[in-house]
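In what follows, a structure is listed as structure tokens, so that the remarks can point back to it.
When the chains are written out, they are named A, B, C and D in that same order, and each has its own residue count from 1.
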Amino acid sequence: MTKVGQIDKKALRMDTTEGLASEMAAADFDNPQLQAKLAALYRDFDAAGMTPLWRTREGLMPSNPAPRAVPHVWRWARLHPLAARSADLVPVGRGGERRAIGLGNPGLPGDPYATPTLWAAIQYLAPRESAPEHRHTQSAFRFVLEGEGVWTVVDGDPVAMRRGDLLLTPGWHFHGHHNISDTPMAWLDGLDIPLVATLDQGFFEFGPEQLRDTSTPDRSRGERLWGSPGLTPVSTAGKPLRASPLMAYRWAHTDAALRAQLELDDEGYPGVVEAGHAAVRFTNPTTGGDALTTIRTEMHRLRAGTATPRSQSTASSVWQVFSGRGTVMLDGHGYELEHGDVFAVPSWSELRLQADTDLDLFTFSDAPVIEKLSLLRTDTSPRA
Amino acid sequence: MTKVGQIDKKALRMDTTEGLASEMAAADFDNPQLQAKLAALYRDFDAAGMTPLWRTREGLMPSNPAPRAVPHVWRWARLHPLAARSADLVPVGRGGERRAIGLGNPGLPGDPYATPTLWAAIQYLAPRESAPEHRHTQSAFRFVLEGEGVWTVVDGDPVAMRRGDLLLTPGWHFHGHHNISDTPMAWLDGLDIPLVATLDQGFFEFGPEQLRDTSTPDRSRGERLWGSPGLTPVSTAGKPLRASPLMAYRWAHTDAALRAQLELDDEGYPGVVEAGHAAVRFTNPTTGGDALTTIRTEMHRLRAGTATPRSQSTASSVWQVFSGRGTVMLDGHGYELEHGDVFAVPSWSELRLQADTDLDLFTFSDAPVIEKLSLLRTDTSPRA
Amino acid sequence: MTKVGQIDKKALRMDTTEGLASEMAAADFDNPQLQAKLAALYRDFDAAGMTPLWRTREGLMPSNPAPRAVPHVWRWARLHPLAARSADLVPVGRGGERRAIGLGNPGLPGDPYATPTLWAAIQYLAPRESAPEHRHTQSAFRFVLEGEGVWTVVDGDPVAMRRGDLLLTPGWHFHGHHNISDTPMAWLDGLDIPLVATLDQGFFEFGPEQLRDTSTPDRSRGERLWGSPGLTPVSTAGKPLRASPLMAYRWAHTDAALRAQLELDDEGYPGVVEAGHAAVRFTNPTTGGDALTTIRTEMHRLRAGTATPRSQSTASSVWQVFSGRGTVMLDGHGYELEHGDVFAVPSWSELRLQADTDLDLFTFSDAPVIEKLSLLRTDTSPRA
Amino acid sequence: MTKVGQIDKKALRMDTTEGLASEMAAADFDNPQLQAKLAALYRDFDAAGMTPLWRTREGLMPSNPAPRAVPHVWRWARLHPLAARSADLVPVGRGGERRAIGLGNPGLPGDPYATPTLWAAIQYLAPRESAPEHRHTQSAFRFVLEGEGVWTVVDGDPVAMRRGDLLLTPGWHFHGHHNISDTPMAWLDGLDIPLVATLDQGFFEFGPEQLRDTSTPDRSRGERLWGSPGLTPVSTAGKPLRASPLMAYRWAHTDAALRAQLELDDEGYPGVVEAGHAAVRFTNPTTGGDALTTIRTEMHRLRAGTATPRSQSTASSVWQVFSGRGTVMLDGHGYELEHGDVFAVPSWSELRLQADTDLDLFTFSDAPVIEKLSLLRTDTSPRA
């Protein structure tokens, strides 16, 4: 029951009526006849499918976000071998669709969700393997920690996947993957599966089992049309798209943009988030907004020795170490970070990052959702 | 586990690997050594908090929305007496805050939610009673089925509540209620509590226990400033507000607008949704969009004898009969409707309405949320 | 030619090259050979249709807006009799279309424009007369100073015109007028004719000579559908319209809204523009923005004794006294204002209003145009 | 004067009343007394600064756009030598500010305007010369036909100017230019000077005579921050800017994007405007809209032999041949086009392009203005 601050002893005894008791004499509650009536009322409420707000208010409407999800770190060194083992035992095919293994937040038992809105998974494709085409209303991306040799085919457009690249699969685009190389490849998959499930918005459709275009161009058609900075094809100009038509954000560009921010910082010009901390957001060139409708994606670079100030956000996020070593402080607990480690930051958890070496981190969050609902709050004020 | 289309018999036996089995020889699965390895892998996945997509894909990503929430009707004739009984036993006060009793969807046991995003409750205020001020990020409204005598004070502005009125409490506005009459009053409360809970966006703050303005004007200050059609105070013009600054939508206006639509229909002019079916949406005069950021609110009027065609929407909604009698068909099952009855329509459930008498229905839904995320789908095509 | 700041004496003599002279030795300019070459160059420029910026820069790009239009007052006492005289001599009919007489700004000789973007006219309809239907891309409104008995038929919807009403004719809507009474009626017409002419955007089409609906309802169909505060027909909800679907803003509402603002001011609540100065903007209920795409329309009320502070805006505007008496100060010159007087305020002119009695003023401006181009500047800072 | 439809012979003689004559007996007009009264009325109108619509309607409100501006071609072969001659005679300096020579449309005598909204000029900077800093509300760009060696410094950021580049100076950004090379350089300047003049929105301010940063980096700071496709600095993300923060659009990117469109066309994929016609729009990466608030900028490439279908637009535009040869048909008249030639297309003029060789054309227009005012119309339907 809601008791905020100084709850008096009397109230604590009256478990059926807390919160409404203030004006009722304590004696009344001890009255057995009243207690019996109350018990009968609550039974009848139950039978009618009714729940009194006064018995649940604090749980339903907490003072601050009180997520069930907890801050958590998954170790790449553990994830990757397990994914590799599964490749020896479980083939990829129609029905299961993908050799993707979701990371479950310990605070959300039973659901393989990294946060209440975000799915994060390691996907693994063995040499010469392919995953059949399908489409779904869920938005998706792949972030490539290491390796190459896989093409993801998005609405018939083959997109090479290589180290450091971010590849998009906006909602309701057909897509499949195939590995043309002799080495396996693993990457991070991010989706809004939990959000879409909660909101009951999921549609799913199978496409062909064989990819419709197995060519392996260096650059996808989307990149050829949309990959020049600030240039828009006149044939489609003036028509904002929900999600980015640019399906690949290449590491060479991301790396150069981060490097430029830090150099400009050295030269005394603005651009970085804060001293020693560069960051780029992956955006939709038709709007300037987030590349995906429901998921924000960013790459951060911290110079060795940089420590970010505390920050809280009501958006929940997932991070992956792309390169380097450091520490993340989540609600005051420190976790050492190594290459490939993934961690979840629930709503309103306190986040601080510290870089031992130069540290590159990829992150994705549900911030676009929270912003669109005008609910986003952030707090970066220092604490005593 | 995923069971899609034509999976061969062999695969069906292999409960650990369905969906990925297509390319693996059936014999392999019967191999006890392989089965042991698989079992070990799944144990290790569990230990690492990992869940293979191929064992959960269909549940996570269904072909169509597969809500746990079910179509359901709550009878006013049952709700109201229970609420009245609680007034004899449970006082309103700080902590519990409100004598509001939430309607729980039978498909969502444990959570007092009408749909996965919407809270619907009956609130009951005894004669001379008052509910203390508080504010929260959740958006709220009251719809008044019957009675009068209560003023809701929203950010210090007293708003009379009377039969047929819709009263808003946009997120983070302080509000309290008091009944100045000698009769109790009950009404429907609607909030986005489940949505805000799922997204971990809840902030809540207590205000004064005594309402800050106990005057009882006929018209609130918000109505005086914003209640003239198409007129905007120049002092605040050009600044779109997230939620409506007009806190009361009066029955006289709503009734007149519905009547006008039906009369125009009779005269051969457009305006109605379809023949015999008038409807108005409550909107924010600063944007023309929904009155609340996350909740759509509408009033519908069906002429006696009118039957609406089937419709499906991925938005979930709750309806209340304001006056008249009829039938609602939900996924093919008919429910008789009487004055005050409340029913829930989950995502993608098929809805048809039939009016025995002239029938007025209030409804609210999460459509603004689903629209903002570009996920809304509707289907009104006839079915064989 | 441009003479800015400290240009040295020598340069001042050299009328062909001022502004470019700074680095050239003065002696050079006196060189007759050079002067001859320059003269030849300028002749060749002329022949090629070329104009050197250095000879026109200050005219083309002034330090502050330097409108040709001037502040000006037209007296209703003079306009109205002239319009009445024309009714005795000139019938209304196809071709001329309207007995409207445009007010020409003395600073814009040759063009009957009140400001560089706005047309203001007195329109006069004799008893039983009618003006045939047409449509044009120009946006239009009528503001009724006095009288009644005319209906304007907008896209087939008859709209009564009565004292104090604002009636819209958004671009490309057919419209005609007819006077069903035995008394003449005059009103103010406002259009964006100069803007549309300058931008070469004018299309015009004749409609039927006889109005397509000669009924005379008290309320137009548009008002029946859109005239309830905050209520939107569901059949068209969610589709923002360029211009307001509400074609009439009635005086009773305007008056009540202005009165309410002043009463709230008395009670200590916000709402007025400043003490003693109430104002409403006429808005499009589907967007909350201006009622017309290119023209802002507002009604202002000053209490007797109120004087507004100085203000400047890069929007140009036209004002009409609806009732009361006062003074307008335009760039420091005072003009007495009587019932019906019209005045023009060019861009960046200084405006102050002073009310001798309670003073109601209607105004329209090109502010929506300037805002959409991100060019609007205002200055309300006090001056020494 | 307006002559529409069936006005009888009599009316045609009566030059003072055409258009209103339809209902008046012809005899009346011949009445000398009436004629005298009319003459007196028109004199009194004049004295009062009033103009009857019925005498000017067709001029003010034509059936279709009737621009005074005419289609016109300026020859680079003539422009360039004249600009070069001026460099020998007229130095660049404070006051005149720029050695820019505006191209005047023959239909707009007295105003050095290419169209009613657009200014086009050739700017010429001699070796080692510099143009001092200033800023203005007018938006500007430079398009480089040939040469290099000049840096334009925009709000302190030095931006190299090289062949094929488009360089922006959005409104109210300080800017100056300097030529560090031993060869002169000429380019095309485009501004919205006429639009801003008509709307009386011009503000102008001198900056330092010496450029504040004379360094000559290969890439401007803006390009380093914003020049990676789809990447946005997190420090400024989510804040749409009126104009592009990317001040340079490099030829290498433009050329590659045009080439890619034509290659995709060859491969059977969409992207081109039409067969053989590729085009890119220069856009603001923070919005996806036009790079400048009031000016649209595009680069078009036609393959040798390609002829575009007829098109009309109510936007006015200016074009420059970047490379190749061809023909432009403007309202049915053909003009041969050579390297550097500039031509103006007034509103609603019919445009057709024909490429003799591969033909690259740069173009700018007022389309963003017309679009924002909801006035843009285009017509590409074939004509008999």
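We take it that a contact is a pair of C-beta atoms (placed from the backbone, for glycine too) under 8 Å apart; a residue touches a chain by one contact, two chains touch by 3 or more.
What you are looking at is a predicted structure, and each value in this text was computed from that prediction instead of being measured.
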Greatest Cα-centroid separation from subunit B: which chain? D
Taking C-D as the reference interface, which entry in A-B, A-D or B-C shares over half of its contact pairs by residue number? A-B
Just the number, please: Cα centre separation of subunit A and subunit D in whole Å. 46
Mean-CA-position distance for subunit C and subunit A (Å): 52
Averaged-CA centre spacing for the pair subunit B and subunit A, given as whole angstrom: 27
Among line, ring, star, complete and other, the chain touch graph is ring
Listed by label, touching pairs are A-B, A-D, B-C, C-D
Which residues of subunit C touch subunit D in the complex? 2-5, 7, 11, 17-24, 34, 37-38, 41, 44-45, 48-57, 60-67, 69, 72, 74, 78-79, 82, 85-86, 88-106, 112, 116-117, 119, 121-122, 136-138, 171, 193, 195-206, 242, 293-294, 314, 316, 346-348, 366, 369-370, 372-375, 377
What part of subunit A is in contact with subunit D in the complex they form? 221, 223-235, 237-238, 240, 244, 246, 249, 253-254, 256-257, 260-261, 263-264, 269-273, 279-289, 291, 298, 300, 371
